[in-house]
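Two complexes, one shared chain (chain A), two partners (chain B, chain C).
Entry: the complex of A and B
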């Protein structure tokens, strides 16, 4: 079980728990504002963009090349950007804080 | 196994030079073919604009048959963003369960009908009715209105003789004018009325802007949805094993929809007008000329997609551009995806097999390239799972 904190663009904090699927699915299922997951998680739409807290980057790891290519063309992207659909939920993600980009 | 196949006519040009050239009504187009160039140029709205003369960014150009600016489609940021934000919540309604239930009922009815009929011509007797009936949900108007749209036939701007038909286009524009006048007299909860009551920059939308959104909604979601649905039927006819897999693994339906959309690329390309002398793929492009973002080619780019010419139903990473990319990505995508998901789930549940009887391909003439985008006609026989 991983406890994940989402901070939405209106500065609301939501703490939700999950044990399978992706961060995008967890957010959509919990109605986190700004995470749409339009393409269902195949890295095609970038509507699940989050900024990982700098101290949590070691837990999430880096974006893959295809994910980076997608984020490169997102004006809000930075070194801490990830797509939620590419973050598989596991115990390793327990306690991370994600800021929703949109 | 090749009736349902959609070849990639762009491969050699994409590998050798990265672009193609098309003369469209004496307003030539440089077609960008590589995934990376297509996405970068779609994102660069300053050099490659959408807010040109209405109709010019469409390929083939519609400048001779249309004066109304499609909104938000033919606007650039920041104007574009205001209109997009205004209409976006409405176009996300397909995520609501009530909408999904109604769509499901429509599509199950359509499938039950073809299962109890002999041979069916899919384009006119299946895809067009599904598309038209679903549009009544998107517009939030009575189901019966679809009969009018079905009577227009498959193409709003095209007839069998010509790629662009001004008389046919006028039918749509006159119809929308009438509907707007009707909504002014009798406001309701339909899209026309909602738009007429909306404000941008503290002022009401003009009639022309309302018309612009409606023309976009009608035109953008017609041939594209019809081709996606028809191509899906042809594919499942030749791949009953895929239908069976989706029956056993409904959890991959979402992936399958994205993959079918990648493979079919129902909209081949979309243009932009160039604002300054620039170059793409080491090819010089002059200010006030046109480029196009060739979604269909980008979706077969082997540097991005493994086995690009195969349908891999559960493809995990699939950064396709079938719904465009960046600022102008498809406003109707949520609706289209919901149609496709519902259709596939229903086919898997109800249909055992589909036999193709005969067909005539719909091939776009792009000068340098000939691209099959779907079918003019395709007769099939649907066989029920529970006989």
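Entry: the complex of A and C
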């Protein structure tokens, strides 16, 4: 079980729990504003962009190559950017804080 | 909550797929606090359609794993789902819809998101054939899975080498079936891509032991005891325990047409997704809409258009003045190949192929008209897809000799024309 904090672009904080699936699915299932997941989680739309809190990047790891490329669609992507669909939920993600990209 | 100008008003949505569902949630977000009713004849909770021909066909998941939104979200947002309910008439003068069972539902605003349905070609014998399937709904896939389970020899013929047919071929091959694709044109994906892309996919399938047979015009289907035989005009015959049709779609526009709404190649809408009736909007695959970037009316079959038009219609109904102005994008997954497309290539006069050094199956096709980039098809190359998107949006000119030179590091600033 992982407890994950989402901070939306309106600065609303939502703490939700998940034990399987992806961070994108968890966000969609909990109605987190700004995470759309239009392609259903196949790294094709980049509508699930989150910024990982810098102290948590060791838990999530960095984006993969295709993910980094897709993140370039957003001019605000940075070294802490990930696509939620590419982050599989596991105990390792417990406690992380994700800021939803604008 | 204080009453707003939308309180006690009813928004009815026909069609609960990508367009209808995204619209309903967007409408709530835009401030509509009246009722929202979503009608669909499909009894399942709304689900993602693109995976149906891809992962969902093979992974054995239930549809619950593939939902657009969880059931609780509809309750939470006060969106009423009327699934398994067929609508038979729109009465725009009375502001009502009439259901198949005769019930009348009034509306203040109506949104048509009825999408499209697969074409069943008028091939003699098709009505009496065994195990003939389409790929559009969750039930279609459940039926295919069940037929596969009960078939010993698992010989599958797919009629149609478009995206649906090719994706289904790749997925079904993975399950161990013996798959053949019959395409009527001289090449697959002829309507949507350059010949280089058609050749690439033909070879990809051939390498994966899925024959792609082109210029195969099916003239009849004969059904023996347990299987079908597909007869082509050139005299060739193919045995099919299971037959899958990927022959394109027809827009579900009959309700709109009978109601007297403007129809061309789909339901005609303006840049706010509104039809010629001020209280009726249409969104998604069923619309014929103006694309400002390409300066023409188009109809699109894709998630992007469904979602983006949904947002525009929601904003418009809540009193904003949005303009639908987007660059279409699409994707297709076959075997381990990811194809990503952006823009509309129709009308191109040059298709340039950029290959990446030391990477197999990694290239992109750049479609130009004069020096204007219209579209990019990228195979296992998200960079090309992303850069293509940026160039199409910005309109910056590309130095095509640099684009074709794979020894130059691939990044936008290196491709700009002087």
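To be clear about the criterion, the second predicted complex is superposed on the first by the 102 of 102 C-alpha atoms of A that agree within 3 Å, B and C clash if a C-alpha of one lies under 4 Å from a C-alpha of the other, contacts with A are read in each partner's own complex, and residues count from 1 in each chain.
Keep this in mind: a residue touches a chain if its C-beta (ideal position, glycine included) is under 8 Å from a C-beta of that chain, and two chains touch if they have at least 3 such contacts.
Bear in mind the structure is a predicted one, so any value in this text is a computation, not a measurement.
The superposed arrangement places chain B and chain C in clashing positions on chain A.
Once the two complexes are laid over each other on the shared chain, residue contacts for A:66 go to chain B and to chain C alike.
Of the two partner chains placed by superposition, chain B and chain C are both touched by A:40.
With both structures placed on the common chain, the touch criterion links A:29 to chain C but leaves chain B unconnected.
In the superposition on the C-alpha atoms of chain A, the part of chain A touched by chain B in one complex and by chain C in the other spans residues 36, 38-40, 42-45, 66, 69-70, 73. Across the complex, chain B meets chain A through its residues 36, 39-40, 43, 92, 254-255, 257-258, 304, 315-321, 323, 325-326, 329, 333-334, 337.
Residues 28-29, 31, 33, 36, 38-40, 42-45, 66, 69-70, 72-73 of chain A are the ones that touch chain C when the two sit in their complex.
Residues of chain A touching chain B in their complex: 36, 38-45, 64, 66, 69-70, 73.
For chain C in complex with chain A, the touching residues are 18, 29, 48, 50-51, 54-55, 66, 69-70, 73, 76-77, 303-304, 307, 329, 331, 333, 338, 340, 382-383, 385-386, 389-390.
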